[in-house]
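For reference, chains read A, B and C in written order, and residue numbers begin at 1 within each chain.
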Amino acid sequence: MSSAREEILERIRDAMGGSTPSRENDYAAIPRNYVRHGSLDAEAKLELLVDRLHDYGASVFHAGDGEIASSVAAALKARGKSSLLIPRDLPRAWLPDGLQFFREGSNYHEVDASEGVLTDCALAIAMTGSIVLRHSAGEARRALSLIPDYHLCVVFASQVVETVPEGVQQMKTFADIPITTIAGPSATADIEMIRVKGVHGPRTLDVILVA
Amino acid sequence: MRISLFITCYNDTFFPQTGKAVVSVLEELGHSVEFRPAQTCCGQMHYNTGYQQEALPMMRHFLEVFRDAEVICIPSSSCVAMIRDHYPKMAAASGDAAQKLAVKDTLPRIFEFTELLVDHLGVTDVGAFFPHSVALHPSCHSLRSLKLGDRPARLLNSVRGLTLVELEQSEECCGFGGTFAIKNADVSTAMLSDKVRCLLNSGAEICAAVDNSCLMHIGGALSRQRTGMRVLHLAEILASRNKQGAME
Amino acid sequence: MSSYVGDAAKAPKFQTAAKALVQNTQLRHNVKRATGVIRNKRAKVVDEMPDWEQLRDSGHEIKQHVMRHLDFYLEQFETNCKAAGGTVHWARDADEANSIIVGLVKAQQAKEVIKVKTMTSDEVRLNGALENAGITPYETDLADLIVQLGEDKPSHIVVPALHRNRMEIRQIFLDKMNLSELGDQPEDLAAAARNYLREKFLRVPVAISGANFAVADTGSVCVVESEGNGRMCVSLPRVLISLVGIEKIIPSFQDLEVFLQTLPRSATGERMNPYNSIWTGVTPDDGPQEFHVVLLDNGRTKVLADREARETLDCIRCGACLNACPVYRQTGGHAYGSMYGGPIGAILTPQLQSMEHSQTLPYASSLCGACYEVCPVKINIPEILVHLRGKVVERGDAPFEEKMAMKAAAWTLESPEHLEMARKLGRIAQRPFVDKGVISHLPFGLDAWTRTRDLPAMPAESFREWWLKREKETGV
């Protein structure tokens, strides 16, 4: 509807009436005196992340580099599960024997009937306990980490940043792909302000932290 | 120092004793007070109610009356906020260069009463005696516009015999809000009932503030409900002396 | 072509609505409790941020910058969104937006749509337009679901069903979800909502959302939420339509670093809300294969044109001002007659309607400034309230008695002589009503004050009179 478009743009120009400073200079002049880089060392950063994960009820399994598969097995055992959905390109080395892993390609109802999903992540932000998923073909399409009731996520220590600005800086590099940030299982406080976990997204979130 | 008093229209009319107390405190400290009788009103009521045109002549008059005053003392934080927050904009909008300069020139010489004592005169102990328990209500203009902080409390804490009592949820608006108290009387009363409840919970005998506007509203409910608590402007507390002193 | 805000044009005066609501003790109790909880949570997570004031400053400046170059950023957003496979529509007003959206849904031959929380859709009355076209909209936000099933209206920007307690919600669910039994714990109610909505998420092919932020330099849209229904609606259906007010634009993806910190802390008192979804256009093999953005004006350009009120558009809909407002706390959101209530509603609702309606809203405030203190983008709401009051008066829409009273007051305050004259008259007039220095009753509709408060009688001698007498006596 080009006429609506032109009219709205014209209204905006009329509203501003007169010249405004060069946009680039104007944008550059915006003060940014907030914290843009973290100051914690690697260990403290991980501790902060773990603290925040625990704060919202996620279980954290610590693993060394070659121990991901055994941690996956431990998590599944703890949760009483024996199978998970996985994205197409999830490393085989992460999958323990004796348990079932289904590559994605399922329709929504199959995903809904699954016991849960295992994914990696793009990065994690310690200060807020956020896990950031980048939904490219290599990682999971959005439905996969959304519909199941259980989400097990592998986070490498090297993927952890301290502050939100550092996280957004990285997200910017893949902003053409869908992104989901997760900071806890889904929740609502709409009923008498009492926080209830698990409305629509996965009600249980576990993290394997690989250091 | 020669201190020029802007009494404010409503203090002049309803609370002259506050003005007398200000005069007494300042004179006891050895300063001389002048009162320019041509003064009227800062224009706040009209300005805030949307009658901004009507407030312009009041601003002009105020600037004219206090043109060369050395220091201007105002025992009302809402009036000071009106002048500080809005006169510059009003003058700029009027397009009158002389007005703009007058505002710029006058503003630095204006002090709310506790600002005058603590900041300008460097005094927190004015030698007062007031053996009562007092809860301090921080009016919204004093809290958020003037950011008086702990100045009123420091002054009260230096008063001999006075017990300053904690007030819960002290930063909540009492519900006066100028013409709001009339135009939205139901909500104003609901807000007031919360403030009264907190005041009564404090157990204090007296509710003090730096604004008689809030106190008129709070005191009106304390009186109507026969609560046994009363209100008093901070200046009147500071003007209290023991039997050896000048004023009671 | 005129803009409207839900049914705000027909809403009763604020004072009238407030009078009844203030006497609703259940409501007042619920609202006080709910706002108290969020305020405490907010205070905690804000206090731990040493750079909170700097974040507020930057948020303010970013938004102000966008408003100065809104035409550029809207066009940039459109270009980038289209390049990624999205379609961008422009709607001058509510009716146009509804017509576009209904058309898009009809083109899918869809009879149902699922909706993520978007107040903008309430503003334009989208649900009514859809229903008139034979399309059933399902609200999926728990509170919006409660409001929809309860045939009610939202009362808060972030927690729209805050005026309901669990027993009321339980009854609504029992009645409308056809349940034979239902527990009364919040977990039971949330579980009922999960079951009721899940089958819709997995089946309904068209979703409608709003947007918290639309990023110009990437063409991305960002939805901020807690429950997961947002993720469901923006990533499962075949077709997604996002209705976005033109003021939601931010210049750069990097700018999310400010708002993704200030919004959750202000809105729900969390360091980060559970889910943020960010997407750009269409992604093959993942989510909606058709994505439409409807950019909405509906009076926003009018607000933009008012230099002194322009920063109203900076609002990021966090609701912190509602929680801080001592007026809102006594009445809840329904008193404002609009989905935009509280302090931001008091300035936004009348302006979107060109000040022709909702004129009592700018007066629904004691100007205490608590809202300004908590606003994450530093909108000077008290200043804008006073400015809008000026517009009401300028239009001649102030009540007649008030105009007369203000005129009389202006005359009185013109000179000390007029003041003294008025005082003399006042002292005589008040005599019949004074008892021991107190006036407890005034006649003839002058009793708005004295209905609930005593008034001190005017003393026999004003300060000025005392001073002049003293001057004469002491010769000083």
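Basically, contacts are C-beta pairs under 8 Å (C-beta built on N, C-alpha and C of every residue); 3 or more make two chains touch, one makes a residue touch a chain.
This is a predicted model, so every value here is computed, not measured.
Participant: Select the chain whose centre, defined as the mean of its C-alpha atoms, is least distant from the mean of all protein C-alpha atoms.
Facilitator: C
Participant: Ranking chain pairs by how many C-beta pairs touch, which one is first?
Facilitator: After counting contacts between each pair of chains, the winner is A-C.
Participant: When the C-alpha atoms of chain A and chain C are each averaged to a single point, how far apart are the two points in Å?
Facilitator: 30
Participant: How big is the gap, in whole Å, between where the Cα atoms of chain B centre and where those of chain C centre?
Facilitator: Their C-alpha centroids are separated by 33 Å.
Participant: From the C-alpha centre of chain A to that of chain B, how far is it in Å?
Facilitator: Taking the mean C-alpha position of each chain, the two centres sit 53 Å apart.
Participant: For the complex, give me every residue of chain A touching chain C.
Facilitator: Residues 1, 4-5, 7-9, 11-17, 20-21, 23, 26-27, 30-36, 52, 108-109, 112, 125, 127-130, 135, 137, 141-143, 146-147, 164-165, 167-169, 171-172, 175-194, 196, 198-201.
Participant: Over in the complex, which chain C residues touch chain B? Could you list them?
Facilitator: Residues 14-15, 18-19, 22, 28, 326-327, 330-331, 362-370, 372-373, 383, 386, 388-394, 398, 402, 406, 409-410, 413-416, 419, 423, 426, 438, 440, 448-449, 451-456, 458-459, 461-464, 466-468.
Participant: For chain B, which residues are in contact with chain C within the complex?
Facilitator: Residue positions touching the partner: 7, 9, 11-17, 19-20, 35, 37-41, 43, 45-52, 54, 57-58, 61, 85, 140, 143-145, 171-173, 175-192, 194, 216-217, 219-221, 223-224.
Participant: So in the complex, which bits of chain C are touching chain A?
Facilitator: Against chain A, chain C makes touches at 30, 33-34, 37-38, 50-51, 54-55, 57-58, 61-62, 65, 68-72, 74-75, 84, 89-92, 96, 100, 140-143, 146, 159-162, 165-166, 169, 186-187, 189-190, 193-194, 197-198, 201-202, 215, 218, 220, 226-229, 231-232, 235-236, 246, 251-254, 256-258, 260-261, 268, 270-280, 283, 285-287, 295, 297, 301-302, 304-305.
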